[in-house]
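Note sheet for the following structure.
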Amino acid sequence: MTETATTATRIPREQLAARIAQDIPEGSYVNLGIGAPTLVADYLPEDQEIILHTENGMLGMGPSPVAGEIDPDLINAGKQPVTALAGAAYFHHADSFGMMRGGHLDVCVLGAFQVSQGGDLANWSTGAPGAIPAVGGAMDLAIGAKNVYVMTDLLTKTGESKLVEACTYPLTGVGCVTRVYTDHAVFDVTPDGFAVREAFGDNTVELLAELTGLKLVDASSRGIREGE
Amino acid sequence: MIDKTVGSVEEAVAGIRDGATIMIGGFGRAGQPVELIDALIAQGANDLTIINNNAGNGDVGLAALLAKKRVRKILCSFPRQHDSWVFDGLYRAGEIELELVPQGNLAERIRAAGAGIGAFFSPTGVGTQLAEGKEIREIDGRSYALEYPIKADYALVSAYRADRWGNLVYRETARNFGPIMAAAATTTIVQVDELVPLGSLDPESVVTPGIFVDRVVAVGERGWLDAGAFVGGVDIEGRPLAGAAASGTEIDQ
Amino acid sequence: MTETATTATRIPREQLAARIAQDIPEGSYVNLGIGAPTLVADYLPEDQEIILHTENGMLGMGPSPVAGEIDPDLINAGKQPVTALAGAAYFHHADSFGMMRGGHLDVCVLGAFQVSQGGDLANWSTGAPGAIPAVGGAMDLAIGAKNVYVMTDLLTKTGESKLVEACTYPLTGVGCVTRVYTDHAVFDVTPDGFAVREAFGDNTVELLAELTGLKLVDASSRGIREGE
Amino acid sequence: MIDKTVGSVEEAVAGIRDGATIMIGGFGRAGQPVELIDALIAQGANDLTIINNNAGNGDVGLAALLAKKRVRKILCSFPRQHDSWVFDGLYRAGEIELELVPQGNLAERIRAAGAGIGAFFSPTGVGTQLAEGKEIREIDGRSYALEYPIKADYALVSAYRADRWGNLVYRETARNFGPIMAAAATTTIVQVDELVPLGSLDPESVVTPGIFVDRVVAVGERGWLDAGAFVGGVDIEGRPLAGAAASGTEIDQ
């Protein structure tokens, strides 16, 4: 395991964010979860209009303000200062979550502790005793968006796969994830389990199967690998 | 003449009794009615149940109320933030009760209270710990959990401008829970930056009509907003987000 | 019956509207049903602020516009042109009916076919075969307002009492009426049945009992009749 | 660039198929998207199910669609008006199906569809004919009936102004069902008096964010509004309200 892991290709987080951005068509309404998924915004093409939603009541969210232009009433879900684009709209929390729950967002990108091959997501609690539980909008996003993309490392720091047969951490949502973008590969959630949509670098489906301990479907042959 | 304005924050929070259930607007610091909370601290009501999205930031506002041990129970979606040390301490010491509600269910349950809905079926949280014990029903091929309204004796809300009828407009994302909490409480108390004459708010743009508002007090510009560092969220380990981008464990709050 | 009826005092509809207006305190949020209840607006004291709600999305409704100033987008529940006062607010239908259902209106005034002594209201359908049914907002208003006042003649044109033991017409709401203003008297709905709160002119509780065929509680002696 | 505007009402209603369920905004004539309905008539879709508060006024708009016998069923709260002769005739001839829904339940069921609510308990109509057959439940001492969402394939909405992202503002009481229908339909088609450049609508005042809107067409000022006599409602006997004030049988519509 150690041996294969050392030979595996891992792309940096920024490159992964760019890879995700590539899959978001112009005109999409998108919610980017706090933390790493926020990076995706930096790679959305500047000549295209993609409308960002923030759960705390805005569509048309713009980038961080320049220093000295911070408006304390204008923040994102991570409570960081942001800006509003021309065409933005504000609304209250019930309307904002109605928008999410009602299936109006095209894409949301979330972090994860674990994703099961059935598409279950665990990203809100490690279940550790004594930890202070907090869920925020994670459960609403997980079940609400048309496409729920997960952005995560494939392995934990201790080398365990975050793609699992069944989640051992407390669930955020059941059968809700549609695709997982990891530093090793992109996986689709299918009725037959995880399908490798794109393996980065020299990674093979066999290697990914070994790393995850899962039976994987090879969907990467459908035209997107070089030389085939 | 209808005049819902009162001259001071003390007058605004007068009469709140021990044991009251109080909704407090705001998402983090945005929309948090800090001046009203300070007045509530001075007023002295004890044994409170608080409904807010979070559980206080830094040492001001809601955090200061918690620090005074006036709160028996808090109902929120995201207590754990990098600057929620006051709540964290109380929680670990077993000195405060926590009811955790997914943010969208929190918002919709508050809305339901204001709109006279008896209960509703929500898909959020189904199959998770947070729906355990709830009535589950399959409707049109999807599973839902039955959720009940959340109402309150009082709502403390921060808005931007009001007229003497209590019509309100908000600023940007500080709107958040204000409009739904205003409708869900028996007595709604609002602080605004500025009072304006009746007729100067555009009727097309009023967000909270005065029917939902009982008392309004002008507090001027909120100086404490400048003071607070604008470091926002926190990762699941409790670290500020700037350092968390590399942890891979981010979730929404 | 004919004999007593001829001696009964009946006040005109305008006077009844004025009588109702008298019971609406300043600062109340009020919905006036279409038709006769609309008359109440004309008798609200000009030096007091009472805020009128119209179910089609406005608080702070003003009087009819002057000729030539009709705005076709600004109408009341009866679809008649109205005006907006300074301090008005517009909102959509779900918000408007949330306001009603959520118990935020202090008073609504409705017409009626029948009111039962338990406070049931029938005012939307005579149940006549072949009639086109239409309910509008009547059921929402009936169960929503804190005080549901009915404004009606006591007797139908054929002399039958509109106050009844139990409604025979299809119900609009169950146990929802708090007070009935008729051309003969004002009645409160109480756990003991209708209580005569104020009998107009020379009408007596006995006469009213005879006209309605109901056992009535005499509540009019509590200080509001002259000479007692 | 996102541009939801289309050049003509014909383009706006293109693709609506036979058998579709269509929400049509408006309360009487206010907010009724007459130009879109005219285009729908020309487009030819048949066997439609219509959701509207009323069932048409005079001979224009929804009434004209009904007159063409394109509508199989209508779901509304108040079909009977003094100028609803088209519907009246079809109904008495058994040529149209009617589902009557109290107005507040109609509005809330439409909202529920847009907000992803599976069902909700409403107090409205409990104990009446219109709640017969529904699941009744007592919650906190009050009786409620279970109501399900109403969704649609299309919504036709009339708003006042839009930008190319589909953000909408309305005018006065013409707002009525527009915002909730826009959110409850798979495809939302909007006519506006005027298109404005992106950024010219105040983000605080946008009523329907563009996320709910698919196609927008500018129709200019609505000339038909002048033509229609502004006689409004009707009493329970079907007489215009001016004459009804003396009947004592008034109800709300």
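Each chain gets a letter, A, B, C and D, in the order it is written, and its residues are counted from 1.
In the analysis below, a residue touches a chain if its C-beta (ideal position, glycine included) is under 8 Å from a C-beta of that chain, and two chains touch if they have at least 3 such contacts.
Since the structure is predicted, the reported quantities are computational estimates derived from the model, not experimental observations.
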Touching subunit A and also subunit D, the following chains: B
From subunit D, the most remote chain by mean C-alpha position: A
Chain pair with more C-beta contacts, B-C versus C-D: C-D
Geometric centre distance via CA averages, subunit B-subunit A, whole Å: 28
Gap in Å, rounded to a whole number, between the CA centres of subunit C and subunit B: 38
Distance from the mean Cα position of subunit C to that of subunit A, given in whole angstrom: 57
Residues of subunit D whose C-beta touches two or more other chains: 108, 111, 115-117, 122-123, 170-172, 203-204, 207
Where subunit C touches two or more other chains, by residue: 58, 84, 90-91, 94, 97-98, 100-101, 144
Pairs of chains in contact (touch as defined earlier), listed by label: A-B, A-D, B-C, B-D, C-D
For the subunit A and subunit B complex, residues of the former touching the latter: 13, 33-39, 54-58, 70-81, 84, 90-94, 96-98, 100-101, 110-111, 113, 120, 123-126, 130, 132-141, 143-144, 152-153, 170-174
Subunit C to subunit B touching residues, read off their complex: 26-27, 29, 48-49, 51, 53, 58-60, 84, 86-91, 94, 97-105, 144
Touching residues (chain side subunit D, partner subunit A) in the complex: 1-2, 111, 113-117, 163, 165, 167, 183, 198-199, 201, 203-204, 206, 209-212
Residues on subunit D engaged by subunit B in the complex (per definition of touch): 108, 112, 115-123, 137, 139-140, 142, 144, 148, 169-172, 202-205, 207
Of all residues in subunit D, those that touch subunit C in their complex: 27-31, 53, 77-81, 87-88, 91-92, 98, 100-108, 110-111, 122-130, 143, 170-180, 207, 225-226, 228, 230-233, 235-236, 238, 241, 244-253
